[in-house]
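Order as written gives the chain letters A, B, C and D; numbering starts at 1 within each chain.
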Amino acid sequence: MLDSVVQSSESATERPTAALIAELCRQFYGLGWVSGTGGGISIRDERGVWMAPSGVQKERIAPEDVFLLADGVWDRAEVVEAPTNPKLRISECQPLFFNAFRMRDAGAVIHSHSIWAVLAARLFSPAGEAGEFRCRNLEMQKGLRGMGCFDELVVPIIPNTAREAQLRDSMAEAMARYPDVDAVIVAGHGIYVWGHDWVKAKTQAECFDYLLRAAVEAHRLGLPL
Amino acid sequence: MLDSVVQSSESATERPTAALIAELCRQFYGLGWVSGTGGGISIRDERGVWMAPSGVQKERIAPEDVFLLADGVWDRAEVVEAPTNPKLRISECQPLFFNAFRMRDAGAVIHSHSIWAVLAARLFSPAGEAGEFRCRNLEMQKGLRGMGCFDELVVPIIPNTAREAQLRDSMAEAMARYPDVDAVIVAGHGIYVWGHDWVKAKTQAECFDYLLRAAVEAHRLGLPL
Amino acid sequence: MLDSVVQSSESATERPTAALIAELCRQFYGLGWVSGTGGGISIRDERGVWMAPSGVQKERIAPEDVFLLADGVWDRAEVVEAPTNPKLRISECQPLFFNAFRMRDAGAVIHSHSIWAVLAARLFSPAGEAGEFRCRNLEMQKGLRGMGCFDELVVPIIPNTAREAQLRDSMAEAMARYPDVDAVIVAGHGIYVWGHDWVKAKTQAECFDYLLRAAVEAHRLGLPL
Amino acid sequence: MLDSVVQSSESATERPTAALIAELCRQFYGLGWVSGTGGGISIRDERGVWMAPSGVQKERIAPEDVFLLADGVWDRAEVVEAPTNPKLRISECQPLFFNAFRMRDAGAVIHSHSIWAVLAARLFSPAGEAGEFRCRNLEMQKGLRGMGCFDELVVPIIPNTAREAQLRDSMAEAMARYPDVDAVIVAGHGIYVWGHDWVKAKTQAECFDYLLRAAVEAHRLGLPL
């Protein structure tokens, strides 16, 4: 099988947001966020909710592999346009992505399996229990909605579940209790980050990843943040 | 010598699986799995068993460098199509790749020299002896055949040998004793990972690499998994 | 939105320094210096002072996004050519970049949020206070203006401020007290590095990043530099 | 200045080994071996000794920037073909590269400033004094001339000097005392690695970098090799 990353120009033109999803997934793969088929992204545009499929190699997604779901239908996934490949299924993250759309009117949601999220969660919730990630005095906090660099950043950590969809209620509950932060960390698993649009979701995700890593690295130096 | 990574379109078209092997080796080089000529990959298709050559720079393989061996002939390497370059030899991993084909009917096998495999093996088998790598409660376990995230993952570690071919029997023995996992770690050396097809082999290899790294990083934080 | 990194050939030809800024930002993103919209660069040429915009994804800048400011006007930012996109604002680093132009006649200034700058500053100024980063006996020191490898490198660390522009006076003061080094570290934030031209600014920035990392890594080995 | 990495096809065709040097330098930059203008490479072919220039950004070298020196003239650098840019100077490493050509009839020599070489040297020679790097039982040793994976690898470490050319005699002396290894580590500086041809030099350099890193990482785990 030759390199399928090359997007058919026809598909990329007709489905530009799907093409953006494919491009961002390649970038996220390079950042270590979406290897081993984990992680994903969903972006809303005027046509609806675009979502990466489940269980595929994220760096090899083509625009025609992306689902288009109905916008505003948050109790189920209503497919408007299915991928050309009938074997593809909707991302397992779909109910979790929908939490961000439904509760925060997010324009995009990113799910990252970055190892820094897992290690930072371990520091703050050693038994994988519910908890909080905390840090302060880091400039990169400024890239987060409503945060100054001397504020204390608090991000909820929720326990993982056997199946991803089972996180829906605990994630929603954490989002309700922490209305000022656009992320939820899942212990042993990763992080969900959303934003007003795909740019905010991505740039906030980059800031969270940096901050999670900084906390881990500082702890390793014997100088916890 | 100019950049030989560019694949002749003719060769890539006639030997698509060989072109895939070349492409994946470049990706694995970027991941740190196949530097210094170590590591490799073998993929089966309808024409037979494709295998990367031995002792070459993996990120510079061209489709015409890949061997095609007879499928189903597991006691020896029977060459169906040799590379155009007569100096190339079959991968030293060939008997080990054949273990996965023969015993598990794998569609593809990857051999990685990732430093995380070496460090994790050192944690669990400090003297390089036979042992087991263990972890649990990590979401990335879900990318492995038959594993849930709260299960305990156990991967056999076998001692290294002076020559790679000498690992054949101990690898086969470990595979027989651990039928539920699609990998064997070789102490001080790396890991062999296989799967039903090249996609499963690759995505499982990515999950194993992540888990091996997580174990090492967590140990460094004073919070072993 | 498709990949906007491809620069319109027309814009790249008319604004070559702006095109260089876009190219370098992509490279710096890969180095971990400018993620989450942090960091930036400014380069002077015969037309004036080119500066990356504020709060954008640095790896996706196009030449037409870059500001051209009047050279020699250091008390304010006088726009000579604005980006085609009216929503873009001048980099928040502008007064800090101007410190280097004004006080050192620098040809270019780079602002990096490299995690190594933050961790090294933490080692030397654990409470984020004013301090000094010190190291010696590293060959990479030779890449810094006026430094031999056995000299002692001293780089000022200044405390961070709530807003980037508020660093202007403390940065200028540190530059006045440390005339032999072309960098200032901002605790919890990053580093500003300048040079006679963009090549010197970049290569010195690479040396500083290496040295900051070496100090952190050596400390972690129990063998502080 | 636009991206000068693109090599003029005319120059690349006329000077293929110079084009190879440019390509490898870009690859080495990505590996962290040649940032901040440090490091370099020299390759011999039928026309003579090709050598990267001094003090330039290694990832931006063009084939026309590479020097061609006379082969077999080891007491001085005799320029056969100078770069088109008259400001370029011969690599500071030239006498050290010549040690490998003169004493070992190497086909190519690589100088890397990899941080792993600096950290590993620190472990074994904490005061930067002469010493030895040692490791054993690592598969990647097999990529080194004459080494098995259970042998003990010994690499000489020599103290750094104020100027690179001053290393010539101590490097030659170390090479004479350690005839079975194709590398010399310079404390606080980096490593020189050579080989029969550029492929051997590169693949050995990759193995050494891996082994140096493994030693550092294992030490950090409390399990020194």
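The definition used in the following text is that contacts are C-beta pairs under 8 Å (C-beta built on N, C-alpha and C of every residue); 3 or more make two chains touch, one makes a residue touch a chain.
According to UniProt, the chain labels map to these proteins: A, B, C, D = Methylthioribulose 1-phosphate dehydratase.
The shown structure was predicted, so the numbers you read here are calculated from the model rather than taken from an experiment.
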item: Subunit D and subunit C - chains in contact with each; value: none
item: Set of chains whose contacts include both subunit D and subunit A; value: B, C
item: Chain at maximum distance from subunit D, centres defined as averaged CA atoms; value: A
item: Superposition rotation for subunit A onto subunit C, Cα-based, multiple of 5°; value: 90
item: Rounded Å distance, subunit A centre to subunit B centre (Cα mean); value: 30
item: Centroid distance [mean C-alpha coordinates] between subunit C and subunit B, Å; value: 42
item: Where subunit A touches two or more other chains, by residue; value: 220
item: Chain contact graph, described as a line, ring, star, complete graph or other shape; value: ring
item: Each pair of chains that touches, named by its two labels; value: A-B, A-C, B-D, C-D
item: Residues on subunit A engaged by subunit C in the complex (per definition of touch); value: 12, 16-17, 19-20, 23, 137-140, 142-143, 148-150, 199, 202-204, 206-207, 209-210, 213-214, 217-218, 220-221, 223
item: Touching residues (chain side subunit C, partner subunit A) in the complex; value: 1-3, 35-38, 57, 113, 115, 118-119, 122-123, 126, 128, 160, 162, 186, 188-190, 216, 219-220
